[in-house]
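Each of the next two complexes has chain A plus one more chain, namely chain B in the first and chain C in the second.
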Partner chain A sequence: MNMHTQPQRTPAETALIDAFGDRLSLLPGDGAVMLKRDDAIEAIKHGLPTRRIESWHYTDLRRLLNAVPDFDPAAAAKAIAPIVDGSTVLALLNGVSSAKAPDVEGVSVQRLSEKLTDGSIAPGLDPYGSDDAIGALNTAFVADGFFVDIADGAELERPVELQNLQAGGQTHVRLPVRVGAGAKAVIVERQAGEGAALTSSVSQLVLGEGAEVTWLIVQEQPETATHLAQFKAHIGKNAKLTLFVMNAGGRLVRQEIMIKTTGEGADFKLRGINLLAGDTHTDVTMVLDHAVPHTTSTEVIRNVVTGKARGVFQGRINVHQYAQKTNAKMACNTLLLSDDGEFSTKPELEIFADDVICGHGATVTEIDHDHLFYLMARGVDEKSARGLLVKAFVAEVIEELDDEAIVEALEARLDEWFVTHG
Partner chain B sequence: MPAVQDTIDRVRKIDVDQYKYGFQTEIAVDKAPKGLSEDIIRFISAKKDEPSWMLEWRLEAYRRWLTLEEPTWARVDYPKIDFQDIYYYAAPKSTPGPTSLSDVDPEILKVYEKLGIPLKEQEILAGVQKTDASDLEEVSDNVYKSGRVAVDAVFDSVSVVTTFKKELAQAGVIFCSISEAIREHPELVQKYLGSVVPTSDNFYATLNSAVFTDGSFVFVPKGVRCPMELSTYFRMNEKNTGQFERTLIIAEEGAYVSYLEGCTAPQRDENQLHAAVVELVALDDAEIKYSTVQNWYPGDAEGKGGIYNFVTKRGDCRGDRSKISWTQVETGSAITWKYPSCILRGDDSSGEFYSIAVSNGYQQVDSGTKMIHLGKNTSSRIISKGIAAGFSQNTYRGQVSAHRKATNARNFTNCDSLLIGDQCGAHTVPYMEAKNSTAQFEHEATTSKISEDQKFYVMQRGIPEEEAIALIVNGFVKDVIQQLPMEFAVEAQKLIGISLEGSVG
Partner chain C sequence: MLEIKNLHARIVDDGTEIIRGLNLTVKAGEVAAIMGPNGSGKSTLSYILAGREDYEVTEGDILYNGQSILEMDPAERATSGIFLAFQYPMEIPGVATMEFLKVAMNEQRKARGEEPLKIPEFLKRVKEAAASLSMDMAMLKRPLNVGFSGGEKKRAEILQMKLLEPKLCVLDETDSGLDIDALKIVSDGVNALRSPDRAFLVITHYQRLLEHIVPDSVHVLYRGQVIKSGDKSLALDLEANGYAGVIGEAA
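On to the complex of A and B.
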């Protein structure tokens, strides 16, 4: 992209830069961490990304981020019940981790503020590129989070639920998780709260050889919140990652997903549903790097757009030169249910190896009239028939997760959304 | 595949670099000094005998261009172009405004002969010169049977000859060089020039608006079906010249025209710039079919030399039920940056884009289309086939958008890429933007290599590997080849064979 001179700072840019000055003395970190923070705020001083930056083409952050709330020390977020009963809950209330983590065999949990103070987390704080605005924002301001380490061979019986709950103001958290060789776990990332908050949340997952993880991101921010999130994962040899993303809230949401296969036999599955309503903007951007031979991936994204909502899905699959025998497939299907809504999609393939099978498909359409007719001919009224079809369209993705407790929990979230927005 | 084998054999005889149009012709030329300034633009305009409004238009574009930056979003990589190191005007020295073939420098005619372009169909030409109406009828009857094509030939910056002019005029069709059109039909040019690609459109289109030297102009009046295929051949000959042609095609209500362009250039070590603009306007019920066989010099085996092909092509389906169809076979150029687009403004209008992009050696192709749905019940169809071999990069970049009022917009996109070798890259970057709930967009893309099974199947029937690959590739691109006028389909198939030569093993 051309370096073009930013005409003037927007109020949001000014607010972020001022907030950094105010917060600096309160932010934990050794010398190395503080240097990374300085670099990160420098990047923000160059201006938030605009639509002229290719990766932000459909989400002009500079224009859309029009208000940045102040940090609110008085905000008190309330704890919520986990989506699956009996889960191990690690809660961040307004960006602050609970002092004592629950004791689970094979899982060690550390507060991220400690790892920032001793500097051991510093190498992981680098943004991945000049257009990584979320990474830069988070590195500049991150104050807490959880560092979770799942031991080699550990098989967790109950899900671990990482809750990031806010009640206004700003929160910036980071959730690094290491899963040891052969370990198995289900991890739920809950993003919720109330008020007009600005949150940035970065999850970093490293999967050891043969590890199997199902990671669910359930984002249900209020329609006043700005939620900027990143999920990064490295998938090791023969490891399997199933990532499920559900976006059902937020005023301005960008969920970035950066995946890299680092060992042969790695497998990645992404299943996503975006339920968009109101006057909101939701962007899911995925970059998947097939960096070694013999790795596989499939991605299925289903979107439902109502009201004045604007949705974006960008999915790029990079197949590196030596990543022969890659098998990658991606599909993005959208139901556009209102004339004021819009959806933009950009599925990209970047392929440098020849012995691969890669494909993507994308559709945007309204409800199939034949399906509607079929149901209505059987005495179902139009509204219920539409409801059934829309629900079936997204529920299909959830049902693919072969864990009954999780499927039920997610379907319950889905029902709740339909009750509020039906 | 006898045709392909024939091509391969012929190519082997020609040169190691396999580019058969790489010859250069010594022709006396008339050149403007190197570089770009308002004076050069005034010089070009004066050379062309242009009216003052045209000069003003050019100067305005030039002033705008000075404020623009070169686009960098495409996946192409090349050293910065020094726009002051290019000749913007080079014309073969010959009698001013040739009216017939005999006025044309015989050297130029030899070039076209080498290219195998049917310029010198003198017998038929002689027939046309008879103004007898009954003869003309006879001629029109024979048009399709004899497979005749009216040709406008553009050499460096200037259109040297246009054939079949009189016969076309009889049907009411105007087919001439754009310079001639500016002089002879200023009202049409003024009305339509820049109405599809405005002077401020993009860096290269703006540059073209300032310095374009020639190109073709086609006007098909209301209700006329153009009696023959129209065609332009572009040839870049002079060293260090840039070619900036401008094509404008207008089909009035109910008219139909099929137009084909072909291009070649000599082999040279330095890169040459080609920045063309093509504008199509289709009014109610009109149809324009535009086909391109692009074979500019792609550079040698080390990636040295070759043409930078930065082209803006756009069609405007302005009228209801109008149709514009782009077909392109891209085998040449070191760098291709080209997105033939359709603006579907009229209700029930439709746009089509069929493309084959073959890249080998160090070629870089970033091509695709834009389908902008504005009217009601508009439909578009995109079929793109990319074939990458050698060290080349082949990108499909396309946009489909439906605006708020474009109810029942319909699009189908299919882009497939084929990779031959592990040093090349194939990329697909589609943008889909729907702002209307009745829009129905489908996009599918695949990337793969030629499967061993397919190759084995063909080879075990006694066909050698190289031919087997050519056969499979031709099958792969069949959907697009079918869209080309018959004569050119054969040529395109041969070109693909030549381009892929040496990519096996």
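On to the complex of A and C.
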């Protein structure tokens, strides 16, 4: 007799496995893609990660994902204006790409459903490892997205805004973007909607030699939505990536960031703000591999915690043995505005090279009473003065971006959050 | 305009009594200088007038235009016309100076029942005030006081005072950290604001500032009390002979 112990499945796990059976015939993909999907759902059958898995310690997905909505073919997401006027918009409504891609010189856009059908992106569908629940979930269900290729040397005048908009149900999208050598671009990844959806979204960026990209993730899901996202990037020789992440919504959010410097002179900047309110859980987890010598990185995360919100930042920097002259600095600062809120920070430095500069720091503070007094002594009432100071705490990170249109656009998103949560 | 009656105050955190029975009256239009050695309670007095929560009044009262201000928070005091020019103005990263000035000016206007300033009018006023203090507008594009030199911060305080048009101006060691040219500019800024309906409380360690801002009255503060009052000649006397003589007389 074969004794096989299988822990009882949670309703969410059961719902995902059942949904896969129902959806299978509708999912695009050639044989290779369908095999990857099959492997992915097998991983989910082994159970969603719990706090016993180190990388999920602060976000027990198995416990927190207590329900999974059904796919809703009738869901109709509404189009929204881009954060920067005049941007090239590529919209996914309920996980489905618009048929006609806008024409921009130097940019070619393909619907991901086509790339799944012909199997050309099958190699990129492998999850990151056995603990990669988001990667597995996405690979199992991904049906569409955009494949964007920015030609060598192209310098885009306007931002490209990739919109992933939901109206309930489930959406699983993927956004592979290749930026050619010497190309320059600003890319906005907009995650928003109106429903209590389960969303998985995986962005995969490859930067060619000397490319410069500013990528902004603006996540403003409603407080009923579950948002599981990944951003993966390979940064080539002398290429620069500035990644800005703003989390300003969602009931259960995990944004994973996996970065690898693959060429000497590569530079990575992560700037993040987490605006946390209500009874929500938001996790930003970064794994950064300095894989070659002479690469640099800085990470600054600012968090504002109100209500019963819980936040997590895990930042892991791996400096490989031959990655000498690495320079990496990480900071995570939290403004805790309520007694019931909490924020957990876990910095990890794994350094195998001996000639590197690496550092990290984390602080948790309340509003500075001297600053509050100063503003009030000029006639600003207490509520407004607190608002100014909280906004200032996160605005500092935005102002660093040094591009007026982007700074203005992000400050507008910030103001929007303060209007509803201030 | 200002009447301080038998004021006793202590530090909330450790209960140390700093102000011990202070009496002082300042009339509208008057410039009153408060002098005194280090640790006499000068800065504490300025903070208590502005409503800082670190101090607690245990006895006595502060009347401003006949009304007690003890129950008012710092913002209410400010909108009623009390202004403190800080000895050490705070640097507040992330708060844009211009945005802050606009908010502060409009709060004052709101308290007086006036409409918010239109942007062009606001800019015009700021430009004029900055020019009169020889301040570069580029400075005001920075976050509030961030990266300002000591002298620039003091000028920025006077700029705010000009723009907010308070009725009772408390200047806490505005001369500290100023070179002689900056002292002249700041003093001229203060003198330009002197008017029959506005009073000044000028807190200083040295007579130097009072050569530029000539006071109507001089009060010596020691161990939390006014131990001697006089006219501007008292300041000269202190400069020549030090505080020891006055303190000896009072003891």
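In this section, the second predicted complex is superposed on the first by the 416 of 422 C-alpha atoms of A that agree within 3 Å, B and C clash if a C-alpha of one lies under 4 Å from a C-alpha of the other, contacts with A are read in each partner's own complex, and residues count from 1 in each chain.
Everything that follows uses one rule, which is that contacts are C-beta pairs under 8 Å (C-beta built on N, C-alpha and C of every residue); 3 or more make two chains touch, one makes a residue touch a chain.
These numbers come from a predicted model, not from an experiment.
A.B. asks: Would you mind checking whether chain B and chain C clash or fit side by side on chain A after the superposition?
C.D. replies: Fit - chain B and chain C, as placed by superposing on chain A, sit side by side.
A.B. asks: Should A:Glu382 be classified as contacting the first partner (chain B), the second (chain C), both, or neither?
C.D. replies: So A:Glu382 only meets chain C here.
A.B. asks: Touching A:Glu399 in the superposition: chain B (first), chain C (second), both, neither?
C.D. replies: second
A.B. asks: Once the structures are superposed on A, label A:Lys391 by its partner contacts, choosing first (chain B), second (chain C), both or neither.
C.D. replies: A:Lys391 contacts chain C only, not chain B.
A.B. asks: Applying the document's definition of touching, compare chain B and chain C: which contacts more of chain A?
C.D. replies: B
A.B. asks: Does the superposition put A:Asp72 against chain B (first), chain C (second), both, or neither?
C.D. replies: A:Asp72 sits against neither chain B nor chain C.
A.B. asks: Give the angle at the C-alpha centre of chain A formed by the C-alpha centres of chain B and chain C in the superposed arrangement, rounded to the nearest 10 degrees.
C.D. replies: For this superposition the angle at chain A equals 80 degrees.
A.B. asks: Quick check on the superposed pair: does A:Ala353 touch chain B, chain C, both, or neither? Answer first, second, both or neither.
C.D. replies: Once the two structures are laid over each other on A, A:Ala353 reaches chain B alone.
A.B. asks: Taking the superposed arrangement, what is the smallest distance in Å from a C-alpha atom of chain B to one of chain C?
C.D. replies: 14
A.B. asks: What is the shared patch of chain A, the residues that chain B and chain C both contact?
C.D. replies: On chain A, no residue contacts both chain B in one structure and chain C in the other.
A.B. asks: Contact residues on chain A for chain C in the complex?
C.D. replies: 369-371, 373-382, 384-385, 388-389, 391-396, 399
A.B. asks: Which of the residues in chain A end up touching chain B in this complex?
C.D. replies: 1-2, 4, 54, 57, 321, 324, 334, 336-339, 341-366
A.B. asks: Quick check on the complex: what are the chain B residues that touch chain A?
C.D. replies: Those residues of chain B that touch chain A are 69, 72-73, 404, 417, 419-449.
A.B. asks: Would you pull the chain C residues touching chain A in the complex into a rising list?
C.D. replies: Within the complex, chain C contacts chain A at residues 50-53, 73-75, 77-79, 83-84, 86, 89-90, 92-95, 100, 103-104, 107-108, 111, 143, 160, 164.
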